[in-house]
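Order of writing sets the labels: A, B and C. Residues in every chain begin at 1.
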Amino acid sequence: MQNILKVRYWLILSLMPALLIYTVIVIVPIFWSSYYGFFSWTGTTDPKFIGLENYIEVIKDPIFWRALKNNLIIVAASVFGQVPVALFLALMLRKISLFQRFVRSAVFLPMVISTVVVGLIWGYIYNPQFGIVNSFLEWIGLESWTKSWLSDPSVNMYAVSVPIIWNYIGPYLIIFIAAMQNIPSEIEEAAKIDGANGLKKLIYVTLPMMWTTIKVAIVLCISGSLKAFDQVFVMTGGGPAQSTELLATYMYNNTFVVYRYGFGSAISTMIIIISLILIVVSQVVMKKRNKKGGKE
Amino acid sequence: MKKCIVFIILFIMMILAACGNDDSTNANQNNNGEENTDSSTVTIWHNFAGDDLRAKTVRDLIEKFDEENEDIQVEAEAIPVDGYRQRISTVAAAQELPDVFFTYAGSFTERFYEGDLIQPITSLINENTEWADSFLPTALEAYQYGENEDIFSAPVGMSSTSYLFYNKSLFDKYQLEVPKTWDDFLDVINTLNEQEVTPLALGNKAPWVAQSTTFGAIADRVTGTEWFMDAVAQEDASFTDPVFIEALEYFKQLVDAGAYPEGANSMDNTQAEQYFLQENAAMMINGSWTISSFGSTVSEDQLNNIGVTVIPSIPEGEGKANTITGGPGGGFVLNSNAEGEVKDAALDLIYALSNDEAQKAIAESDSMVMYDVEIDQDKVSTLYYEAFELVRSVEFAPVYDLHLSSGAGEAINNGLQEIMLDGDVEAVANKLQQAQENAQNEE
Amino acid sequence: MQQDIRVENKSTYQSPFFTKRGIGSVLRIIFLLVFSFLMIYPLYWLMISGFKSNEEFFASPYALPQEWTFQNFIEAWQIADLGTAMINSTIVTVGGTLLTVFIGALTAYVLSRFDFRLKGLVMVFFVIGMLIPVHSTLVPLFTMMNKVDMLNTYWALILPYTAFELPIAIFLITAYMSSIPKEIEEASVIDGAGYWGIFFRMMLPMSIPAMATVAILAFLRYWNEYVFALVFINDSSLKTLPLSLSIFSDGYSTNYSLTMAAMAIAVIPTIIMYVFFQEQIMKGMVAGSVKG
């Protein structure tokens, strides 16, 4: 067709800005940094090539595996916390009445606060001496349940997950509402005429129509929580005794506290590899469900 | 349509260009020595960004220097303390440090020396012998590196880290004596616990606190200073030695006796200080920074109610009793790229920030210095004066993380938190030993 | 619009207390209220804490301030030079957000409407970007920017912000555009509008909800970003807000009341922005439902 050249020209022209900025600023530094991973480097002295030693040390370090496990807790908490809660709320909040708008804004509000402030505030909520959680438990007579939430290793990983969920329900809610609003109303009407309502309509009409969006949300959720850093860094710094160490804090501490740039770079390369694996796995799982669901 | 696109793109470009424009001038003032050789512009980075007395004092000193020296232009930049290490480390890795920058004693500075990023200030020392002699013992040695024993910085502060603060009225109320020995100390802790008062406030969220304020002093009393220095050098001593295990056991005794409040590992230093001030805790072991922060936030009455002394002695130990862990604090260093006029100007600036006058000004802003100064008692808080006098009557013991490698410092910090969580003492010793050994081997 | 109101009337017009569905509605409202409270409380706490002195902050952290004074806010504003920081943050954030939304939408249009051989690869390529911990790119980025003399300019923040936010922007807008029926623009192809024409006249207006979502997320992230701002900007006249918020800590102790006041000030523009964009999202939704 005579259009092919035109299409090609258009494709190149329109993809160029994104690809250019993104490649130079995001992709190049990653490879640069994985390259540092082959060196023993304190950041001030001359780097010394040591081959795969850093990478092997990362894999052998039990703290790395603990950090990974902790990160997976956050991933699970986000995927099974943020997404369903946001979806549930989105179903309840489709109207534009004042009240619903108020609730929607409220749910989004945590997003406007910077993550540092979120960490700070929740640090207070969990404070063992005057924190709200413990005061509340005492008030309803459950004194035995009070804990030092952030320093007791048996609960602190779950405790730090809550603020992260809390922080990010808002954007998913908005994404879902937008997607729902985008479902052509003929389909809904048709479903209604067919006698589908309530749960049935939800399962057979609404959810399948939103499936693309839900998938995107899950990918965002996984990638976001694998990078989780700020809130935990402010609340616990990865402590005590590295019990809330996440991959990102583990990398940060090794790079900027212990000054092992090479080792830190090796960790971040590992983070990227692990994240990719997780995303691929989640995609495969979702594809399967997609087929079962029979949509498209 | 095309016009529309062009317009939009142009519009965006214009906005962005407008943003970019006014910094093109600033870009030229880039903070590295090479670009500034044509004039004597000196760039200096420091972390005195805050509103506390000391930060204001140092900023004033820099400003004064700038005003008094018309031929020298000072480009100062204050970076928040929280981000300072990260900022400096990143910039150092890219070899773009400013002419003069503030550094912390210990492994932080050592890295710059090893990477040849800083140069000695020996000429200053030689030209001003009286000044150099007025530093307290070990002050300049902390910044001495290499075969020629060159000196790279003159500290502008002291980190004395292990004062025992106690609440006088609480001690009166429960008829307690200020503990002199370890056994007294444990008795006091038990009594306070029976009265449901927390014995010791501690904010160990940043995990260096327990190490720097409490453990270092205990360990020095148990092992003696010499053993520690040997262990640091990994010569004839190892952190797995029984004597070090014993030191850890002493710390564990405090934990087991319930000296610390629940959740001490998730409180920050300020929260712990407030916990102590509000009489929830009767004692607190902390460094000289506490004196500065009390000095600026607490009423005179409350200050008079706080006593300060040294950590109790451990008679069975090898070390001395009457010591405080401490040593030189941070100082300013000179970029190895600085030469000619810039270097001269930079040296002048470093001198102006650490000379007699500067040390006195800093000391009078309620913070300790490693320099022999007379201070005006009226200009400082009572608690500070008491501590100032105390420091002069005791000897210094080494602060652990000033001497350990950065990896080993992390190991002991995390290890102490582990002990507070009921961790195994020997495992902690092993990790510490391993980290220090690795660091020594790498050198 | 009309349609929406109609739907709404059906479910909530009747007084909920006297109908069968009443109890359900009441429970739902209570649930939503409690939930909203949990979401709002921390922000409320931040605001009231800004009015307290340090001592009061520690002595009664949850009570209302004994007296309402603006002293902390004034002090924080002056000490941290929040005025300058606010201007810088605005320039960087608005510039970055515009760039992100525009490039993101353009790319999303291509990815959602064209089939080409490398499409899958391009998508994967962008996914990788969402996985990168920013701290690991600091040293390479700093070195690069230093080489091209970009440090100490607004660009040193705008470009990295945009680059790191692009994947999310592209994903959200692509997902949204994919769900817009293709027939709509086929009509305009016949009308003879070029790709730019379709993009600007059809796709952009129809994707406003997605773009507004991206804009909100980008705006908030840029406004609160700390690490890049710390490392890539030296000049104090170019400092952004998050840096100014951390100066009340001297490494040992933190002046909480000033910190809280400064944070409360910093959060206000983001709330305004949110309200503004929420309007856009709503409008887009209304447009969406009319269209159907």
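Criterion: a residue touches a chain if its C-beta (ideal position, glycine included) is under 8 Å from a C-beta of that chain, and two chains touch if they have at least 3 such contacts.
Listed by chain with UniProt protein names: A, C = Raffinose/stachyose/melibiose transport system permease protein.
All values reported here derive from a predicted model rather than from experimental measurement.
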| item | value |
| --- | --- |
| Overall pattern in which the protein chains touch one another (line/ring/star/complete/other) | complete |
| Higher-contact pair (C-beta pairs counted), A-B versus A-C | A-C |
| Centre-of-Cα separation between chain B and chain A, whole angstrom | 36 |
| Centre-to-centre distance between chain C and chain A (centres being mean Cα positions), rounded to whole Å | 16 |
| Numbers and ranges of chain B residues touching at least 2 other chains | 86, 93, 268, 271 |
| Residues of chain C touching at least two other chains | 139, 226 |
| Numbers and ranges of chain A residues touching at least 2 other chains | 43, 255-256, 261 |
| Chain C residues touching chain B - in the complex, by the definition given at the top | 54-55, 58-59, 79, 91-92, 94-95, 98-99, 102, 138-139, 142-143, 146, 149-155, 158, 193-194, 196-197, 200-201, 226-227, 230-231, 234-238, 243, 246-256, 258 |
| Footprint of chain B on chain A - complex, ascending | 40, 42-46, 123, 126-129, 148-151, 153, 235-237, 239-243, 253, 255-261 |
| Chain A partner contacts - residues on chain C that touch it in the complex | 3-4, 7-8, 11-12, 28-29, 32-33, 35-40, 42-43, 45-46, 61-62, 103-104, 106-107, 109-110, 114, 116, 122, 125-137, 139-141, 144, 159-160, 162-164, 166-168, 170-172, 175-176, 178-181, 195, 199, 209-210, 213, 216-217, 220, 223-224, 226, 242, 245, 263, 266-267, 270-271, 273-275, 278, 281-282, 284-286, 288-289, 292 |
| In the complex with chain C, residue positions of chain A that touch it | 7, 10-11, 14-15, 17-19, 21-22, 24-30, 32-33, 36, 43, 89, 92-93, 95-97, 99, 101-118, 121-122, 124-125, 130, 132, 166, 169, 171, 174-175, 177-179, 181-186, 209, 212-213, 215-216, 219-220, 223-224, 226-227, 229, 247-248, 251-252, 255-256, 261, 264-265, 267-269, 271-272, 275-276, 279 |
| Touching residues (chain side chain B, partner chain C) in the complex | 1-2, 4-5, 8, 12, 15-16, 19-20, 23-24, 26-27, 29-31, 45, 47, 49-52, 54-55, 77-84, 86-87, 90-91, 93-94, 96, 268-271, 273-274, 277-278, 287, 289-290, 292-293, 297 |
